[in-house]
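Before I ask anything, here is the structure I am working with.
Each chain gets a letter, A, B, C, D, E and F, in the order it is written, and its residues are counted from 1.
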Amino acid sequence: MRRVSRGFIVFILAFTVYVVYTGSISGYDIVTGVIVSAVIGALFSNIVVEKPIKVVDPRRWLHLLVYALLYFTYYEAKAHIDVIRRILHPKLPVNPAIVEAPYRIESDFAITAVANSITNTPGTVVVDIDPSKKNFYIHWISAKTLDPLEARREIFETFEKHAKRIFE
Amino acid sequence: MVMDLILALILLYVVAILLLSIVALRGQTIGDQVLAIDVITYMSLVLLSLITIYLKQPLLIVLLIPLALWVYALDIYIAKYLERGDLGA
Amino acid sequence: MGDKPMLPGETGVYLVMAIISLLSVVAVYMAVKTRDLVKAVIYSALQSGLYSILYFLLLAPDIGLVYIPVAVGLIPGVLLVLISKTERWEKE
Amino acid sequence: MRLVEVIVLISTVLAVALLITVGFEHLVPSERVRPVAEFYLNATYNQYELRNYTAMSPEAVTAIVWDFRGLDTLFETSVFYLALIAGLALTRGLLLERAEKSGHGLSIIVRTVTRITAPMIVAVGASIGLHGHLTPGGGFQGGSVIAVLPMVVIVVFSASFLVIKGVTTTKLLVVRSLGLTGIGLTAIAVFLVGITLHMPAYVFQNMAKPDAQISMPYSVAGALISGTLWFFNIFEMFAVAAGFSIAFIALMLARTLESSRGE
Amino acid sequence: MLEAQLVLVLVGSALLCLGAFAAIVSAIGFHRFKNFYLRLHAATVGTIWGSVYPLIGAALIAITISELGAYRWFVPGAIIVAAIIVLMLAPAGSHALARGVHRARVARVKPCLADKLDPELCG
Amino acid sequence: MEAVNTYLLSVTLASLLVNFAISLYAMFFKPHYVKKVIALTILGDTVNTFAIYIGYRRWVEQRPPRVPVLTDLRPEAIEEFKNLAVDPLPQALVLTAIVIGLAVILFLVFLGWILYSHYRTLDMREIKRLKG
């Protein structure tokens, strides 16, 4: 039963990609898409999803939407303008360091989402991750502090808060 | 009007790709070169979609997704090679 | 709409094609010249990417679809496996 | 890389280009294509004038590959499998490693992203393969797209991951053989039907010819499948994907047999 | 209908112009920064503002062009899927590359305030 | 403008020729096996690109040429398609050539590995000297 529900999530993902990539919804596309996605769902059910019940919760999707809007308008713009200013400044003001910052999330998807959000904002790149100590090692272009908790508050606490609501 | 703008943007992107390819050709370390190839590919995605719109050939757009997917493969090959000294096992 | 565009579309597309192929010449030269075989593989991957843009401009999406996975995704991996199991540097 | 070398290289290219422009202008493409290309372009989907020669496929390249020049492609495919088999035969001198549980993968971020991308890669490959007769794509393309997946999975996780998850070379060999058998059967399907019905028919026949009126259906329930092209594409996709996967797994798992040096 | 198209074209052009600007800036950054870890940040500028945002802008423009014919919705769909793929794969790729370079000790972190991961590589 | 267009197109052709020359040189005169294999892939790609370049078509009266795939199945669209599309035949021939090329490269990689485990080197000059 559990495997079927996991496979169903993979089915939805594969079917969406198939239809969007095909670009039309004629009968042929729907029929072949359902067959192909069913096969993919059976093959990949064990390696994609962990807890299928989380995926069908609409509140998580709403959070994801709000978070994405906020992220792409506000955080990205702020970080980009900062880094572009540094690149175009004649003196090239940089102050880089690799800092460590602890995270407090459990699931793989949440960790990946937070790490990708950090890397996608210019100015911070996740260089390494230590799952046993639960630490991110982040290369920071303008290190304001070297204290782990300070760095965490400065860099990714909001991302983590949203990721916790979405994925856990 | 829009088409003229698109042609100008195509040329701007070509200039950016030219500048980056200098780094890709003579970067100091392997990491620099692969990073520059990454960014060249992601920018050429924009270039290709603009040319698709400019030539009005909708079927050309199928090349975008393979190009975006398989530069990632190059990244992880190099990363694994640097990290472990081999690819297998 | 202006009467005469600054650059005819035909010339613009051919210009992009010429620049891309000039870049590929430099990439091929570097792939042949360098002694570090890993760098040679990277240069050949760059050349493959430029060729796939060239296929796009020559209006051959079929070829691009089969060329990109083969030349960007598979051949560098296979050659890196060979290099990692044997030796990395070409001797003088 | 020195600047002088690049300047010499680029000026060589520009000079050769000048030479071509002045002396060999017929090498540069003109506004017309050759007559044979015009015939193929006209006949690829033309049920109005060329009912007896068309391949009923909007995709001219797939039509040429599997219909107009189908026999060529059949032998080229056999060359491809011979090269692959010759490569695998060389692994007799190598030792296949035992699959072990311990893996040396990349970090958790890369693993999770690859887990999400894996079904997307297969979906894109299947879409390319199954729409080969309508949009750019086909069996070779779809198969080589899917074949990247085992390579990436081996690199990101470990060589034993695929074996633990149940993807063994034996199963892949079965898939590949099924694909090749399908190609062979599709090639002679119309011929066999013709023999049983006592009607003239050719090997590799797709649509009706003037002297052989028997043909494959070009559409099923309103969807265009272009006769044999659809079957060729799907079987070729399985065969190519499975064949390359076998080679990669053998390449990654193999280890040099130390005694082969004879020391 | 026409006004909606005009808005789409304007927004798309704005995103594309922003993207071209960011692409040029990112290329300049690649030349001005002399260290691999600093170039990672210039690469991010080139990936997100230089590639993902203009891809969405190109999709918006592609909606309004009616000459694309029967495959009209194919173009924006494929562009948006490509943008999402870039958004997912690019950070994972640059993280993997940074980790590989750091573990193989190919490049030093320079200039450097502190390196909590491997203090010997600092400076 | 016509001459400029011809010149720009022949730059592409010239760079393909130069690529061909460079990779041929590397195949004959570079001593290392892997370098020879890389040069072989570049050589094959260049020949394939050359075939597709021959099938290309110039813009016909300010209208761009088209991909050899029909998007519209009406009779008059087929006539226009015939007058604008590029040559599909080289593309069909190159398609199988690329896949066969990959199979050959795989064979050469296996072969190189056997060679290394036998001679402990991949430098062709040393292999010639060792002779078994």
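As a working rule, a residue touches a chain if its C-beta (ideal position, glycine included) is under 8 Å from a C-beta of that chain, and two chains touch if they have at least 3 such contacts.
What you are looking at is a predicted structure, and each value in this text was computed from that prediction instead of being measured.
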- Message: Along the graph of touching chains, what's the shortest path length in steps from subunit D to subunit E?
- Response: 1
- Note on the structure: Intersection of contact sets, subunit D vs subunit F, gives B, C, E
- Query: Looking at CA centres, what chain is most distant from subunit F?
  - Reply: A
- A-D or B-C - the one linked by more C-beta pairs in contact: B-C
- Per the C-alpha centroid definition, the whole-Å distance linking subunit E and subunit F comes out as 30
- Cα centroid separation, subunit A vs subunit C, in Å, comes to 31
- Message: Taking the mean of the CA coordinates per chain, how far is subunit C from subunit F in Å?
- Response: 11
- Query: From the C-alpha centre of subunit B to that of subunit F, how far is it in Å?
  - Reply: 20
- Task: Pull out every residue in subunit D that's touching 2 or more other chains.
- Result: 1, 9, 13, 61, 106-107, 109-110, 113, 116-117, 120, 124, 128, 135-138, 140-141, 144-145, 148, 151-152, 155, 244, 251-252, 256
- Note on the structure: So subunit A residues touching two or more other chains come to 17, 21-22, 112, 115-116, 126, 128
- Among the residues of subunit B, which are close enough to touch at least two other chains? 25, 30, 34, 55-60, 62, 65-66, 69-73, 76-81, 83, 87-88
- Note on the structure: The answer for subunit E against subunit B in the complex is residues 9, 13, 16-17, 19-20, 23-24, 26-28, 30-31, 36, 39-40, 43, 46-47, 50-51, 54-55, 58-59, 61-62, 65, 67-69, 71-72, 74-75, 78-79, 81-82, 85-86, 89-90, 92-94, 96-101, 103-104, 106-107
- Query: If you look only at subunit E, which of its residues touch subunit A in the complex?
  - Reply: 22, 25-26, 28-29, 32-33, 37-38, 40-42, 44-45, 47-49, 71, 73-75, 77-78, 80-81, 87-88, 90-92, 94-95, 98-99, 102-103, 109, 111-117
- Where on subunit F is subunit C touching in the complex? 1, 4-5, 8-9, 11-12, 15-16, 18-19, 22-23, 25-26, 30-32, 34-35, 37-39, 41-42, 45, 48-49, 52-53, 56, 58-59, 62, 64-69, 86, 91, 94-95, 98-99, 101-102, 105-106, 109, 112-113, 116, 121-123
- Query: Once bound in the complex, which stretches of subunit D touch subunit E?
  - Reply: 106-107, 109-110, 113, 116-117, 120
- Sort out for me which residues of subunit C touch subunit F in the complex. 8-11, 13-15, 17-18, 21-22, 24-25, 28-29, 31-32, 37, 40-41, 44, 47-48, 51, 54-55, 58-63, 66-67, 70-71, 74-75, 78-79, 81-83, 85-87, 90-91
